[in-house]
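If you scroll down you'll find the structure; I have some questions about it.
The chains carry the letters A, B and C, assigned in the order they are written, with residues numbered from 1 in each.
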Amino acid sequence: MIEFEGVVKDFPGGVRAVDALDLTVEKGEISVLIGPSGCGKTTSMRLVNRLIPLTSGRITVDGRDNLEFAPEELRRKIGYAIQQIGLFPHMTVGQNVAVVPRLLGWEEQRVRQRVDGLLELVGLDPDVQRDVYPRQLSGGQQQRVGVARALGADPPIMLMDEPFGAVDPITRAVLQDEFLQIQATIAKTVLFVTHDIDEAIKMGDRIAVMRTGRLVQYATPDELLAQPVDDFVRAFVGGDRHLKRLGLVRVRDVMAEPDERTPELDGEAVLEHTSVRDALSVLVGRGFDATPVVDAQGRLCGVITLNGLRAAVRRAARERASEERASEERAAEGEA
Amino acid sequence: MRPIAITLFALVVLLSGALSYAQADPIRVGSKQFTESIVLAKLIGYALEDVGFTIDDRTPLGGTDVNRSALVNAEIDVYPEYTGTALGLFFPDVELPEGLTRDAEASYDYLLEHDLERDRLLWLAPAPANNTYGFAVRRAFAEEHGLTTMEDFAEYVNAGGEVMMATGDEFAQRPDGIAAFEELYGFELADEALLIIAAGTPAQTLQALDQGANDTNVAMTFATEGAVVAYDFVVLTDPRGAQPIFNPTPVFRVEVIDANPEIPAILNPIFEGLTNEVLQELNARVDVDGESPDAVARSYLEEHGFLN
Amino acid sequence: MPVNRVAVLGSLIAGLSLFFLPLVELKPNRLASGIPFFLLQFEGDVRYLALFVLALLPLVVALRRADVVRGALLAGLGNALLFLTLYLPAVAGEVLLADAAAWLGEGVRLSNPRLLPSAGLALGLFGAYTVLYGGLRDLVVAGAPRSLRVAAAWGGLLLVVLAALSGRFDVYSVVVEFQARGQQLAQRTVEHVMFVAVALSIGLVLGVGLGLWAHRDRRASPVILYLVGIIQTVPSLALFGVLLVPLARLGDQLATSVALALVASLALAAAALALYRTIGQRLRGAARQVVLLLVTVSAAVPVALFTVVVASFSFRVSLLAFTSAAPALANLRSAMLVALIAAVGLQLAVRRQRVDTARRSLARAAWVGWGALAVTLVVALVTASQLFLARVESAATLTVRDLGVSGIGPAPAVIALTLYSLLPLVRNTYAGLTNVDPAVIDSGRGMGMSAPQRFMQIELPLALPVIMAGVRNASVALVGIAAIATVIGAGGLGDFILGGIINTSIDQILLGAIPAVLLAVLLDAVLRATEQLLVSPGIRVSGEAAPS
């Protein structure tokens, strides 16, 4: 868990990069910091492992003030992956991944096992790629190594600064999916910086939108899209925010039971775990208002219609509104 | 702390090892960079080595100023210097007596007295050889025009004879160079008659004469230059004495002679035998025949019974 | 590739120059000029014309289709031409020398007559090498086996060396000169190597230090780079003149008093620094500058003094270690040679070995070899120091001159050379460090490396190729500049070069210049090999590790 409490960062010359930031990254969750250039998102992240010193306020890491640790000691406990990857070009892939374990003085045998395990985890073949140099890898492979290196000593907390920034969109999507899969098993506490709202929605359990050093909104992706707090956030998430929201919902959650007419619907069916956004795209391209849904084995399992989608979205909004009311009431009771 | 300790230990080992040896100071011999100076220094070195001195051979050391500073600063113990050179260069702020530099004995006496007084340097016995600057011509040219002395040459020039003279820049420009000859013998060389080689040595001017570059027919030379023999040139004599006397002489730091008073008795007889002809031959054996200065110096000392 | 144009060019150069230019000049003695001889003037039989035919044969071969056969033929012709261009005139020269008196006529001093190689021979060799180079390129392109390429590259040279060793080239003037003055050649060469080695080692420590300082301190960097640039513009003669008197004075001092002065100055620097630390923040403008200047000067003086003494002493000692006839040192030199050969051999074997475990044990053995070399070198230096200091009676009378510092001789030469080596070393260290990708350093920091760890594990290895380029620059330049050392009686190959210029003896000049050139080439090759060993394949410019 990472907690920012009233964190302020002033740079020489009177520029306030971070202003009274309060933020909590829950254990095992990915929190995404997002905002336009110069909003202080990267600065906030670098304050955590003390790459830059904070001016005032407090940052605790798993409950302990990060000033309690020597900077090097602190950093070795926190995984760190950056956009330019920053792989050491003169070290082999294996040596890169082994940097932090070696700094911590692990035994060679243990380092070797860890390196091979991590390379497998990120989808690289240790026997092929352990002893080659970074420049012999493709951009995507390099990013994988960057992630593996950040995971080197199995740190509970990770800082990731646009870790998938330097590759083409297709590769990026693949890397994002892979990281989410990995995260599902390793459950690290991740502070993730990006300027790409789509990436934030896809990767984040929560998204913190920052503007000129201040936190504007901190919410789950769906909430951010459904209820931006102000015009800035609304503009930032984009005019297609409702479409983006559909991207968060799976077809199986909104489909209707197939009826007798369903098999007569010709043409392409959608898979049940497709996002609703993609299903909508299919519907718009078809002559009918409905299309069949199949499971991974290709068996018919449902049907979706344009009306059904609209109703589902409305229902979701209503549910959230009542949830919020309930939580507000709980908060009010608590105060009272 | 460990590296410091190791360094200290190494120093102690070094010094204690060093102190277990110990032997006499060697005689450090320098020379200028041309053949004759090297040969003279080797003569000094081998003669002293023969009677048991250890020799530190620093030849060739550099130009006149490097040798002189080295000697004055006790970086070397001896090098061969020419009387005329010393009088011309080492007493810039002293008015020398009129005609001193043309009188061999007076020159030597002056240096013996003043160099000892001022810089604690001792001039041993000079060689009779006079390695003065001079004019060299091809033998065929000399015979054709009947040239043997500078007087003949002045006559040739004044009769309108063609001249192209290869010379170093210093000899061409210094008042005691070509100008001294012109004044004393009554002739004048036009600027166009001079082929000036910057910092040119006699070896270079003589080579220019040999190759006839730019129609060269006269060249600056040293009287004892070995190359004169190689090319079969004639050096015109200087009967009226336009040039200072340049007697080569071993110059020691006086402390060295005080500590080793037997040195003059060893070197003086050797230098007394060095005439122009002898030096020319020794120089020629190095420059022309291609023998090494060491071999030439050693064999000369052996042949003349100076080695035991 | 159609026609081998390189070989055609080489063939034309060789053919035309061998036929139309004089090959050798018959000189009556060391100085006087002689008579030029052309190929057609060589008496005897037609075999000399074979040289001409051989020079033109590559024209025909070069038209063949490009393959291993063409490469091998061209390389063979090039090698044969290389050897015969030197060998045949030497054979003809023996006849000429026997009749020298008849050729040269009366009136010349005929002593040690010799053959000076002339333009035809020099251009012939150049053409031969060009043909050989064309052939080698064919072999490389066609993927010929390594053994064939090595044989093609070095075969002719090997023949030349063998012929020279067996005395077949004794007629050539450089060889005659070598026979007269060669005893000194080994000594002068060792001196030359020591100049470069000692100046480079000390320059490396100073230069990398200064480069690091310039990299770390933005305000200091322009000053440092400017100062080392200025040094480069001082002519070496002037530098020697400047150094003469102070070094001579320093030499007179007792070592103990100099050591005391050194410690005192360092203490002053430390005190001034402490003062600056405590009250520096409160000082303003001029006062602050003065304190800073005091710190810098009082720290720089002992460093400079120490460098002077260390440079002078190490030169004298290493020269002694490599030239002394003392049996202990001679044995150590043999041991060093054995260790060197073993280490290089093992290192080469490591590269060939494919099996992992065998490779590792070979690598370990190679390190043992290098270690043995280092140990014998240190022992030899210690032994040589003892020998060098043998004259000193006691530590109390030890003067700085006894440590090798003097106004003339090797001390000022080594110091001047060290100063000259600084510019490429400082500049390249600075550039190398400054050009390291900031993202890489940032990730090192972010992963928890301390500053020394970042320097040793990231910055230094990444800057190494640029630093090594500076080392190679400096070393090749130093081989050239070291030739000037002769003007202050420091020895080195300059003795031959400058002596030859003064005496107008081209043979004497070549006797110094040829080893100097070979030295520069060899040094460059050794440093390249070192670079291959030290620089990671991941950042090597022309490594096998190309992007896939």
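Just so it is clear, a residue touches a chain if its C-beta (ideal position, glycine included) is under 8 Å from a C-beta of that chain, and two chains touch if they have at least 3 such contacts.
Just so it is clear, the model here is predicted, and its values are computed rather than measured.
Q: Closest chain to the protein's overall Cα mean, using per-chain Cα means, please.
A: Centroid comparison flags C as closest.
Q: Name whichever of B-C and A-C has more C-beta pairs touching across its two chains.
A: B-C
Q: Indicate the whole-number Å distance between the mean C-alpha point of chain A and the mean C-alpha point of chain B.
A: 89
Q: Quick one: report the Å distance separating chain A from chain C, using the average Cα coordinate of each chain.
A: So the centroids are 58 Å from each other.
Q: Centroid of chain B to centroid of chain C, CA atoms only: how many Å?
A: Each chain reduced to its C-alpha mean, chain B and chain C end up 34 Å apart.
Q: What parts of chain B, by residue number, touch at least two of the other chains?
A: Residues of chain B never touch two or more of the other chains.
Q: Applying the document's contact rule, which stretches of chain C touch chain A when the two form their complex?
A: 437, 439-440, 442-450, 453, 457-458, 461-462, 535-539, 545-548
Q: Residues of chain C touching chain B in their complex?
A: 29-33, 107-109, 111-112, 114, 176-177, 180-181, 183-184, 240, 244-245, 248-249, 251-252, 382, 385-395, 398, 406-409, 486-489, 495, 498-499, 502-505, 507
Q: Show me the residue ranges of chain A that touch chain C in the complex, using the header's touch definition.
A: It comes out as residues 49, 51, 71-76, 80, 82-92, 99-100, 103, 132-137, 149, 152, 159.
Q: Under the stated contact criterion, what part of chain B meets chain C in this complex?
A: That would be residues 10, 13-15, 17-23, 25, 30, 33-35, 58-63, 66, 69-70, 73-76, 139, 201, 203-204, 206-207, 210-211, 227, 229-232, 284, 287-292, 294-295 of chain B.
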